[in-house]
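What follows is a set of structures to go through.
Shared between the two complexes below is chain A, which pairs with chain B and chain C, respectively.
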Partner chain A sequence: MSTSSPRKLPSWLWLVAPYLALLVVFLALPLANVLVLSFHRYSPVSIWEPTLTVENYGQIFTPYLSAITLRTFRIGLITTGLCVLLGYPVAYYLARCSKRAMTIGMFIILLPLMVSAVVGSFGWIVILGRSGLANNALAALGLSARIDILYSESAVVLALVHFLLPLMVLPLTASIEKISVRMEEAATVLGAGPVTMFRLVIVPLSRAGLISGVLLCFSIAISVVVISALLGGRRGRLIGNEIYDQVITAANWPFASSLAIVLVLSIIIAMSLALTLGRRKVA
Partner chain B sequence: MSVSSKLLRCYVYGVFCLMTLPLLVVVGVSVNPSARFEISLSSFSLHWFEQFFGRAEYVRALFAVSLPVACLAAILATTVGTLAAIALVRFEFRGRALVESVFMLPVLVPSILLGAALYLLFARLNLAGSFSLLVIGHTLIGVPFVIRVVSAGLTGVNPALEEAVVNLGCTRVLAFWKVVMPLLRSSIASGVIFAFILSFSDVNISLFLTGPNTNTLPLQIFSEIQWQGDPTIAAASTVQILVVTTLIVLAGRLSRKRLVY
Partner chain C sequence: MTGKRALTGGNSDGVVPDDGQRDVALAVNRLVRRYSSDVAVGPLSFSIRHGEFFSLLGPSGCGKSTTLRCIAGFESVDSGEIVLGGRNIEQVPPHKRGIGLVFQSYTLFPHLSVFDNVAFGLKLQKVPRADIAVRVAKALELVALGEFVARMPSQLSGGQQQRVALARSLVMEPPLLLLDEPMSSLDLKLRTQMREELRALQRRLNMTTIFVTHDQTEALALSDRIAVLSQGKIEQIGTPEEIYLRPASRFVAQFIGNSNLVSGQAERAGDTLIEIVSESGLRLAAKAGTLRPGPLTALIRPERIRLTAGEAAPECRRNSFPAEIRSRTYLGEDAHFQLLVDGREPMLATRKMTDDFAPSPGQPLMAYVDPADVYILPA
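And now, the complex of A and B:
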């Protein structure tokens, strides 16, 4: 079975060498550079000067930025929650339907993620705009109600859920598929209604999929740029937009770096939190 | 039970409708003759597609940047990823689990951070905005996916097949090339296709790494929306949808195996 022998050791190294080189030069080095930059003082002349400081991190606690940071986490949590609520029934359906229905369903669910966030956001702008399709439809029905959520947090959440639902549904479906239908039958025979069965059988047994879905959704939702730039307006700016503006427009690289580090740290904290919580429930 | 499964089905179909609605709206707007962002059920026109193919910045974004970058990134990611997958599946070495998780790093690091980090390092070397850095950035996000798909395919190929050919006097490399590669064709093909899609629809890395001459199609659409352009945006988005949809269908045809991501 195994093809390894003392003489084979160098050959696997040759095989992984190209990718390792890519990772070192184009991932590890740039990230290390960001970490180092984040502790340097900003200079309007030379972008950064070789003085070590932590004041970049201090700036995050100014009212303007702490509002943006809080909003980012709020939107991340709401989006993830909505993805769980919307995604669970869909994942259950996909895991239990026919092979053909699953192929088509997966295609439909994956499309928004695959096509690019820009295109989905554009669709939502056309739908939600002041004289957009939703409002025209309301007017055509003779209703005086108007939908006015474009350029607000709600629009960002809506587009984010649309974009990220696939990342929740995929791991959930994979987990639910592994649960034997017999377990459901047993629960039903013992008198559990569909909701009770779902709560007591499906949810606990698909926890692994839930955790990876939650992590994927949350980490991408808090690092989004394009969706919030197009749909959020001034009221929907997120950390990602701030990083982009600081890097490209303001050229304050040290501050942008400290924001990036904060983002990475939040993702790492979220991951370890989700993993420990998930493990505790098993015990 | 039947009531609840009917209810479930209605709910799921509702979600499906919501998922497709924005994309259908985009396609609808692209074939409407008026200059407003509306859908007309009575008339049909390809005027905005003519506009799309008549405007230099869109044509350049699609044919000179997005497509070549995605092709190169897909080929590079597949080559690098396949080699790594072979090492992970066919060789046993100390620390393999660690190497395996390190290899998934580009998925864990949000792509906007990857883009920003690459910009902050390589802008000093005047490489930001260059075609090659864009290709490398897109290669990185594709490799973990290729490794997953090809590893899954390779696990399904019995090593005894190679052993047999090696015992008959073939070299190990040639045995792999002649015996295993043909069996891996569909996995490698889906690796290529999805690495292509990841590059073709990326905005987060392109946002930082494109320059005036290397605008990708999604980024061109992004800036046109911000400058409130005309329904040519819808035509461009429809082109994007068509390319990606075709590729997903193609990938489905090529491999009957279910996608595991």
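And now, the complex of A and C:
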């Protein structure tokens, strides 16, 4: 920071000012508004009345809503876990294959991001529906088994993994790429087989990418709306759907605000947790 | 021992004879690694005795690193065999070969302390904790880094990191240690110091070692024997003295040290001497040996050309020529003189500069070459 002249603005400000302005106007101020609103009493007539209260937050502990909250975090964790398990091998392959294969592989990996969540979710409906592609295929094979996961948590997790995998693979690939192949070979000659080498060298050394991927996947998974609305049914309802309904259908903005604040706080807590864990031992 | 002779006199195609197997730590027989139809390494054959320091020396792309990686198991072998301790290890995966390997680049695990780096392999072998502590301490003592046990690799200098990497290999007590240009990322002074340490350590532990390098000075200083490689083939295997004094080919002569190569026709000149008439017309006497007259190439090492000041030297000896200095490069310990010998043949000579001898370009000199110092390249 430049302190040479009290009148002169520090030069870094010019670099971040445009985005900062955008964040303040369209994120910080509305979020502050949401925070304020969440502590006001709901009014069926005027949406909110100027009485301060914490009862909106109390509602979260009703059985119905705590079930939704728990489900949201459960789905977030399972999705993130699956993304890690599926993403690591893919990221490792992409980081170690030829430049050409990497370009093609990256394109394929990024494909889910090029399709909107609405279209993608309808795709899953077509596949998973009662007489969808999957079940028709099973029937055509003469099998009596039926896949019946549409409108459940499983369908939401499936679609979330599909959409979020790129966000896990990209940071992981970037991290693994920086690990020298010689490092792997050094572990190998010391007696580490492929799996041991991966566990003892690749995983710890790609931690930065892993943390980014986990944060991205988890925070997006727990705040998702469209995918759970289209594929979750009642059994796969998440906080995002509850907020949506409270805002649009029930017009209970104060309660919707309190839910939103809980969600934002959860993401902030998860982030600081991940970053603290990530910084430990590296220094 | 007859086996010993056969071992030292290996060539690119020769298969190691059976007598002498007992002393052989590693045998590479007709190893071939193909990259494409026209790029290949081999067939290479050589064998290494227990406790021997063996160097693979050659320019980049000559196949020395590929050979090393085949032995370590990181490259597959297209044909031929690699026999370690009497066992063909071709089908053994690299993590089960138990070979030590130190790389050119720093490969200490950055997330582990010096202790955990050195203990890495022992932990994988499920060696008891107490034994690990003792062996790690001993290995770090060997490389004189005992007090650095708790440091992280980022807190070590490049030379220290390479010594820890060496300790990490040595602690496993491997039957064979592979060194892939381990000193090339260090600065010159450190390299010289580490070279001596490495040699002393290798001697002390009697560790069978293969050292890959493109640095001829390192190879000459460290090795019991050197294999000089060019374009995937072994040009010569021999002791440093043999390689330097009696190179088997034009390539070896030029690659090792500085050299003056004179091509010409040999003519008989007396009982013990022949005279080489170079393409430029220089008449150079050499020991005849078993040579027959005909076309040949002679090698004269620059330090074997004796330079004396003044032009009035008597024309009494053979191989005494007037020479003119075209340029001079002062290198401290000695100086390089680009000469025009006898007004026709350009040659390089090296000599110490002294108070009495400090000629400058353009100054006439006498250059004398002992006929015994004119080495005729085979073939």
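General remarks:
The rule is simple: the second predicted complex is superposed on the first by the 259 of 283 C-alpha atoms of A that agree within 3 Å, B and C clash if a C-alpha of one lies under 4 Å from a C-alpha of the other, contacts with A are read in each partner's own complex, and residues count from 1 in each chain.
The rule is simple: contacts are C-beta pairs under 8 Å (C-beta built on N, C-alpha and C of every residue); 3 or more make two chains touch, one makes a residue touch a chain.
Bear in mind that the values here come from a model prediction, so they are computed numbers and not experimental data.
After overlaying the two complexes on the shared chain, residue contacts for A:Leu85 are found with neither chain B nor chain C. Look at A:Thr188: by the touch rule set out above, it reaches both chain B and chain C. In the superposition on chain A, A:Ser180 contacts chain C only, with no contact to chain B.
For chain A, the partner that touches more of its residues is B, with chain B and chain C as the two candidates.
When the two structures are aligned on the shared chain, A:Thr196 is found in touch with chain C, with no touch to chain B.
In the overlay built on the shared chain, the residue A:Pro204 is in contact with chain C alone; chain B does not reach it.
In the superposed pair of complexes, A:Leu37 makes contact with chain B only, with no contact to chain C. According to the touch criterion, the shared surface of chain A, contacted by chain B in one complex and chain C in the other, consists of residues 188, 193.
Taken together, the chain A residues at the contact with chain C in this complex read 180, 182-183, 185-193, 196-197, 200-201, 204-205, 281-282. Those residues of chain A that touch chain B in the complex are listed here as 1-4, 8-9, 11-13, 15-16, 18-19, 22-23, 26-27, 29-31, 33-34, 37, 86, 89-90, 92-94, 102-103, 105-112, 114-127, 129, 132-133, 136, 162, 165, 170, 174, 188, 193-194, 219-220, 223-226, 229-230, 240, 243-244, 247-248, 253, 256-257, 260, 263-264, 267.
Within the complex formed with chain A, the residues of chain C that make contact are 72, 74, 93-101, 103, 105, 107, 109-111, 120-121, 124-125, 165, 168-169, 172.
Contacts from chain B toward chain A in the complex involve residues 1, 4-5, 8-9, 11-12, 15-16, 18-23, 25-26, 29, 37-39, 79-81, 83-84, 86-88, 90-93, 99, 102-103, 105-106, 108-114, 116-122, 136-137, 139-140, 143, 159, 162-163, 197, 200-204, 207-208, 218-219, 221-222, 225-226, 233-234, 237, 240-241, 244-245, 248-249, 252, 258-261.
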